[in-house]
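Letters A, B, C, D, E, F, G and H mark the chains as written, and numbering starts fresh at 1 in each.
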Amino acid sequence: MNEKNLRELLSRFRAGEVSEDQAVATLKNISLTAVEDLGFASIDHQRELRQGFPEVVYAAGKTKEQLRAILRSLYERSGGNLIATRASLEQYEFVRAELPMMSYDPTARMIYLDRDSTVERDEERMILVVSAGTSDMPVAEEARLTAHLWGNHVKTCYDCGVAGIHRLLNHLDDIQKANVLIVVAGMEGALASVVGGLTARPVIAVPTSVGYGASFHGLAALLAMLNSCASGVAVVNIDNGFGAGVMASKINSVRN
Amino acid sequence: MNEKNLRELLSRFRAGEVSEDQAVATLKNISLTAVEDLGFASIDHQRELRQGFPEVVYAAGKTKEQLRAILRSLYERSGGNLIATRASLEQYEFVRAELPMMSYDPTARMIYLDRDSTVERDEERMILVVSAGTSDMPVAEEARLTAHLWGNHVKTCYDCGVAGIHRLLNHLDDIQKANVLIVVAGMEGALASVVGGLTARPVIAVPTSVGYGASFHGLAALLAMLNSCASGVAVVNIDNGFGAGVMASKINSVRN
Amino acid sequence: MNEKNLRELLSRFRAGEVSEDQAVATLKNISLTAVEDLGFASIDHQRELRQGFPEVVYAAGKTKEQLRAILRSLYERSGGNLIATRASLEQYEFVRAELPMMSYDPTARMIYLDRDSTVERDEERMILVVSAGTSDMPVAEEARLTAHLWGNHVKTCYDCGVAGIHRLLNHLDDIQKANVLIVVAGMEGALASVVGGLTARPVIAVPTSVGYGASFHGLAALLAMLNSCASGVAVVNIDNGFGAGVMASKINSVRN
Amino acid sequence: MNEKNLRELLSRFRAGEVSEDQAVATLKNISLTAVEDLGFASIDHQRELRQGFPEVVYAAGKTKEQLRAILRSLYERSGGNLIATRASLEQYEFVRAELPMMSYDPTARMIYLDRDSTVERDEERMILVVSAGTSDMPVAEEARLTAHLWGNHVKTCYDCGVAGIHRLLNHLDDIQKANVLIVVAGMEGALASVVGGLTARPVIAVPTSVGYGASFHGLAALLAMLNSCASGVAVVNIDNGFGAGVMASKINSVRN
Amino acid sequence: MNEKNLRELLSRFRAGEVSEDQAVATLKNISLTAVEDLGFASIDHQRELRQGFPEVVYAAGKTKEQLRAILRSLYERSGGNLIATRASLEQYEFVRAELPMMSYDPTARMIYLDRDSTVERDEERMILVVSAGTSDMPVAEEARLTAHLWGNHVKTCYDCGVAGIHRLLNHLDDIQKANVLIVVAGMEGALASVVGGLTARPVIAVPTSVGYGASFHGLAALLAMLNSCASGVAVVNIDNGFGAGVMASKINSVRN
Amino acid sequence: MNEKNLRELLSRFRAGEVSEDQAVATLKNISLTAVEDLGFASIDHQRELRQGFPEVVYAAGKTKEQLRAILRSLYERSGGNLIATRASLEQYEFVRAELPMMSYDPTARMIYLDRDSTVERDEERMILVVSAGTSDMPVAEEARLTAHLWGNHVKTCYDCGVAGIHRLLNHLDDIQKANVLIVVAGMEGALASVVGGLTARPVIAVPTSVGYGASFHGLAALLAMLNSCASGVAVVNIDNGFGAGVMASKINSVRN
Amino acid sequence: MNEKNLRELLSRFRAGEVSEDQAVATLKNISLTAVEDLGFASIDHQRELRQGFPEVVYAAGKTKEQLRAILRSLYERSGGNLIATRASLEQYEFVRAELPMMSYDPTARMIYLDRDSTVERDEERMILVVSAGTSDMPVAEEARLTAHLWGNHVKTCYDCGVAGIHRLLNHLDDIQKANVLIVVAGMEGALASVVGGLTARPVIAVPTSVGYGASFHGLAALLAMLNSCASGVAVVNIDNGFGAGVMASKINSVRN
Amino acid sequence: MNEKNLRELLSRFRAGEVSEDQAVATLKNISLTAVEDLGFASIDHQRELRQGFPEVVYAAGKTKEQLRAILRSLYERSGGNLIATRASLEQYEFVRAELPMMSYDPTARMIYLDRDSTVERDEERMILVVSAGTSDMPVAEEARLTAHLWGNHVKTCYDCGVAGIHRLLNHLDDIQKANVLIVVAGMEGALASVVGGLTARPVIAVPTSVGYGASFHGLAALLAMLNSCASGVAVVNIDNGFGAGVMASKINSVRN
């Protein structure tokens, strides 16, 4: 039942063509589907919240034709930013032939459209992405670019693993200025605890699959981060830079 | 080197008793320890940030004498709230004999002192604790009481597991009003994904060890939450209600 | 919004006290909560389906006072059978003092009330519970009693492990007559595959934690059952006799 | 010993050519092999049950020549449907050159022959396949096509993950009409619990290997489904769409 | 159908009271149960093989009344040795009150009856039990006593862990004379590989749960033994001294 | 010190050129290396035992040049059978160009030389290789060919998985005649327990990596076999057909 | 063959009572056992090295009578220090009644005798034990006391977890002076990497079972330490303070 | 603040342009970054220690252009040895075109420059690398070459697995002369315990991923080594030959 049907029912009820019992029965049967057509609150609310938020596509496992069709549709239907995560260069080149306005970040493996040129990024609410080694960069960049496209002011501090603690301490200023921190580390994942001890702000920890042997594809870093002795640290899935970027963006826009 | 030593050095340098080279050499050798004596910025900054935040003790594994000594010291030294987590009733009764102002919450297993009576809890920044089953209550209550003692306005929505989705949907209003959400669930941990899909706010997921057999003491819920298909969900350790309460509090106080 | 509010709104709309736009706006805001007040179909439907089905309480982790209060309430409110699973003898004795009509099965560890005396058990739809060893009996009996209280005709075939295949083959007749089969086994869990190969009916496999060493508390049996080379085998959690009993009951009552 | 031998023995016994002791000795030695030649009940019974059921081949790991030979033999010997699961397009093209009546479903990766055109599919016994994301489609389609070739009326509800619960609730009607449900989900596998809470019918849960990082190739979804807080949920192996299709078919044809 | 029924059928068939078709039909329906009554070959064969072999009861998890009843029955019915494994001293004392001929080995935790006094133990077919540390003795003794009661000549070589390889080499003579070897070790389980390299005879490896931390209750030793670089090593379950004793006994009595 | 040196020492001692103390000192210092040159007993003993046993090379990970060089050397030096396990067809073709007497079994992936034509295989000591499915054949054939080249009489019974128990029971005769049994199975590995219950002879169980999902590359079958409820079953590493063949051969040649 | 036998053989050889061939044959058969009787070098060498090193007993799992007997024997036979690890207070009190010279450290759970009063501890070769939290103290103290009784100069730096990095940096002086470092940490085990980055000396990392939930009894810390991004870190078993103390002592006494 | 700034501040202070309070305030604010500019002790100290130590690059995952650029820079900036670990032949050939002085070891997969020709290797401080099988050679060679380039005298003892203990005992002399030992083994990893029992010196154990099936990519060897019954054994990550080489080098250069 959409709004037109609803108005029709009300008219016919007022006109006496539909009895009260009939109207009640019909209205009681409004299915959850109908509720959505009427503007299901959580949906509307979400849409409202989403203003200025990117539409997101998970490119991995999609054919280049599928990906291009989805991006074209989103491009035409939406006025905001677009993101396709885990996209290959080959996928991008196919997409670009038809959608030349799309950009590609090969490190973050993201196809994106950054057309929200009027965003005023709030430097007071800076998100800092800290990563341990150069091999962690793809995940860190995925987090950074996601948070950037969500409208945040983002800074980075890469290659700051704990084995050379002074490299990290050199960035103490940014660490203590940041409103939200994303810590990206593989191997033993110790960076999350150390950074967590240097700030009073929330830290999103992203374990990466960087390592070999007993890193078990990121399990070692994941367990380490979950057991962090620093409070104010929460963890997302292994290699989930995108998820960390979204979480940090959501934290950065809580009411205040 | 403390401030007195530093002033002495400067005096002797001005008096010509210490050459410039000697002064430079000494100042270059300021150890990190000395830096702290001079007022190591990150420490001071943290202290400043901690104003109004509780002092926290992990009671498990401490004797009742140790616990009482620590709480007495904190009580006398600090003006804010106090928390001892994972405390037994027996520990509390021993503590109370000497520190009668301490309270105890047997479900959350916390000894606490809530003397920060002037806190104005901001209802606009409500934290909602959602839990799946009655067995998850100790962890949920630990999160709730922690966030409360941190000065937040906290509401709860317990026994809202996904097997009866309507029970959860009955609380849609609170879910959508909350500024930050804590979701506590054992068994299959599905609640985090469902709640994550109903809000645009950040969700802290707490897996619990509730369950048996293939729950493997909370592992099933932990993995489920890390793999949540909803974005904006981050995870803390199994049964770590305290950690979730702190994380939510930190999120709730980011700059704005 | 309940039915009374709805009728009131319609009256006021017909009376012109509420404009069409106002009525539309109000009706569009019917929350999911309201939908339930109007008689949310899935709920009603479920209630209808539940006729004759037991009310179930998970006794483990509840105090005897809590358990007794819940059972008393269910006893007074419901006219059907009652089940409290994982109940201790001590819990039962406390409950019985006030609710003497309750029975207890010490092997299945269930408190129950079987007052549905008019059930005609359909022998054509026999559920067969097969178990491997005597140590698996508590789980097997939990499944049997659950299916019995759900109104099924249940037979058992215990101590039929595959190491003596002839013991199992002696029950071939029952195995092939059964409408649904529950197979309960610990250690290597091979029984599920063997039984699955002897029947064309659905088999519910229940791994148990019986075993030691590399059984890893039921993991060996669980993995074996999930990898069964027989088709028509599905698995429930380790030691979950109750869940198997419910699943078999639901299968036994699909439309026909 | 086949029936001819048996009749011969009896004739010779009656004719006095074989003494009673000899006959008893021979008959006591009827081996299990002989029993089968005589028509071993369980086998016959199974054959009878199998009427109208497809013959099934697991194509993975077989050469295209082997696969073609088996399918040719089954085609000539059997009058019913045929299925080859986990078959590649290359295998199909090789098979089709000789067996042009064979069809191929590239999503379900199945070669099949659907020659049972007279099946009357019972709409009252509808099987519903619900899946979480588009990446779960190969497994979901394998389940759907299997149940279809087994003679069932099958409907689908794809891309209904729990992170957008309204998408699922839009299909509430089908969910509640279905006689048996198959739920296919990777990542956190929460869909099984939510669907299980919306129906009184049996649910077969299929974890998929969709996901990355801490999904550990489907382990997260598997554990979640085994720990489902909804009753009436049983689980098959990771990615085992075929097994779910068979299990649902067997449930759908229990006695009634 | 037992032999008497069979003879009756044959008589009536010869007497013409039963037609050939009826006789065939009846004989074709001989169930597997009947086959056993007629003397199901594998059963008889096993019984024959079992002459002189002990009857075995798994005492763990049985009440002392159950255990005594089973042992009494076995004592009266069987003429050979008896074994109850994993029996407590308390169980033994209860049993002994009624069955004073039973013995108890507190290290091996076995109640046993060794009444087969005429056994001539073949020294040429010596079984050697080698163990790593004193903590492995309960498992080693369970293996030794089992093999002894099976009628073997058994020797032992305890506390011969690989960290002091000379202790092991001091027993080289026995190691090379043994017909079958049982190697019992916890912690890193290296002993199985070293012994396997010093003999051309089959080695049964028994991992024990001795150790702590990353021994994970015997998993480390289990994996080590399964990966032994020595050929001619096979493994039984963690702490399964009884199983190793039986396996060695069976090896020791293969045809020759 | 080799034999020549030893004789020299003795001569010079007898000639008085070396005092008793010097001789004792020298002989006490005989290093373990020297012991071997003298004919280190365990080594000699092993060599003696090895008469008629194949020399074995693990081909995987070796270059074809390395493999050919090793096989050429073994061919020239040894008079018995030769085995190269896990060899590719490509490796074989390279080897054959120079060593045309070598054979290749593509299923067992073994290059071998069977020149021990005078072996009289003892039918009374038959080794039976039982396997569950056709996918297990490479491992089963590796076991069979290994045991054959070791001089045993070997029979096979393939595709006898427990889901169709009658297929296995059809081979009951061979199962009960076999002196040693090798059971090869992937997926749930139940075959080992069933076969173990049908024989009194030792069973070597070989889990295979056949399966998918929760088979975890053979872990499910491995755990099942280790937990076998049948006694007289011991287990080798996943896919280790060669190891099972050697173990069975060693069992088959214990003293008697 | 002992020295007396050897001299006898040589005498008889010189006297012509034994031919050269006989002498050679006998000497070739010198078993490894005999080698030891002659004074097997590695054994002697080890004894020599052990001078001044403690004799060690693992008390856990021993009765108090057994423990006392072993300690009495060691006390009488050895002149050096004694250690019994994992000893309870109850064990100690029983031992002390007869051996009053024994001491007990309740935190390290060690009974010990420190009678090597002449040790000159080399301050240049200081061993530093760093631990993360107060709960790690039993393991840290076991390491400290072990290294002390081995004759080392040992210092400690406790409660220096990485969440408050300044606490650790306050001890930078000791960290950089230490010759060998032992790092003891549970939870996420990050301390090993941070300390490893602050020193050029070898670091022995000891994971502890301190933590809960996803620490999995020390697994998280173990994996973290094995994956340390700092070089010069090696790991011992979970909670193995004794092993770390021995390893550090051995490192501290390498040749120089 | 660098040294120039510091001198300027002191001049202005002496000149009265800056008050004592201002100077103290400024000096108190010396950040950790500034400390480094002034010559942060731990850094300098580390640099000093590093004299003669190689600069190390992890080549895996770097493009050949990146690798060449880094090596060129290190070559020009540093006067010592250079190491690039896990480098492919292709990477090397690209590098060599521009940097012809670089060498390559294909087994150890290392590009290196050994220009420290004046090193006097101390034979008294020999490092011995022991490995189990030929497949372990790449890891063993990585350890050997690393320790060699660090300036050590290194010997090797390869293919000495425990299944043929005499091969190892033949090297007893080297084992007992070595100052530090590195033991490299896959499969069951037993070699570490055996070698640990033959020396009083520290042993660094390196598990390798050599093996199949239940070796789980090195997990079996890792767990075995962590549980070694020999004391004085510590473990590095699976396949981490480089880490073992560094650890041994650091042990070999502790103070003395």
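Note that a contact is a pair of C-beta atoms (placed from the backbone, for glycine too) under 8 Å apart; a residue touches a chain by one contact, two chains touch by 3 or more.
This one's a predicted model, so the numbers in the text were calculated from it and none came from an experiment.
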Path length in steps (a step moves to a chain that is touched) from chain D to chain H: 2
B-H, C-E or D-E - pair sharing over half of the B-C contact pairs: C-E
Approximate Å spacing (C-alpha centroids) for the pair chain B, chain G: 39
Cα-centroid distance, chain C relative to chain D, in whole angstrom: 25
For chain C paired with chain F, centre-to-centre distance based on mean C-alpha positions, whole Å: 51
Residues of chain B touching at least two other chains: 31-32, 41-42, 172, 198, 213-215, 219, 222, 226-227, 231, 237-238
Chain pairs in mutual contact under the definition given at the outset: A-B, A-C, A-D, A-G, A-H, B-C, B-D, B-G, B-H, C-D, C-E, C-F, D-E, D-F, E-F, E-G, E-H, F-G, F-H, G-H
Residues of chain E that touch chain C when the two form their complex: 31-33, 36, 40, 42-43, 61, 207, 209, 217-219, 222, 237-240
Chain G-touching residues of chain F, taken from the complex the two chains share: 3, 6-7, 10-11, 13-14, 20, 23-24, 27-32, 35, 38-39, 41-42
Residue numbers on chain H that touch chain G, as the complex places them: 41-42, 45-46, 49-50, 56, 124-125, 172, 176, 179-180, 198, 200-202, 204, 222, 226-227, 231-238, 242-244, 246-247, 250-252, 254-256
List of chain G residues in touch with chain A within their complex: 132-133, 161-165, 169, 187-190, 192-194, 196-198, 211, 213-216, 219-221, 223-231
Residue ranges of chain C in contact with chain E within the complex: 135, 166, 169-170, 172-173, 212-215
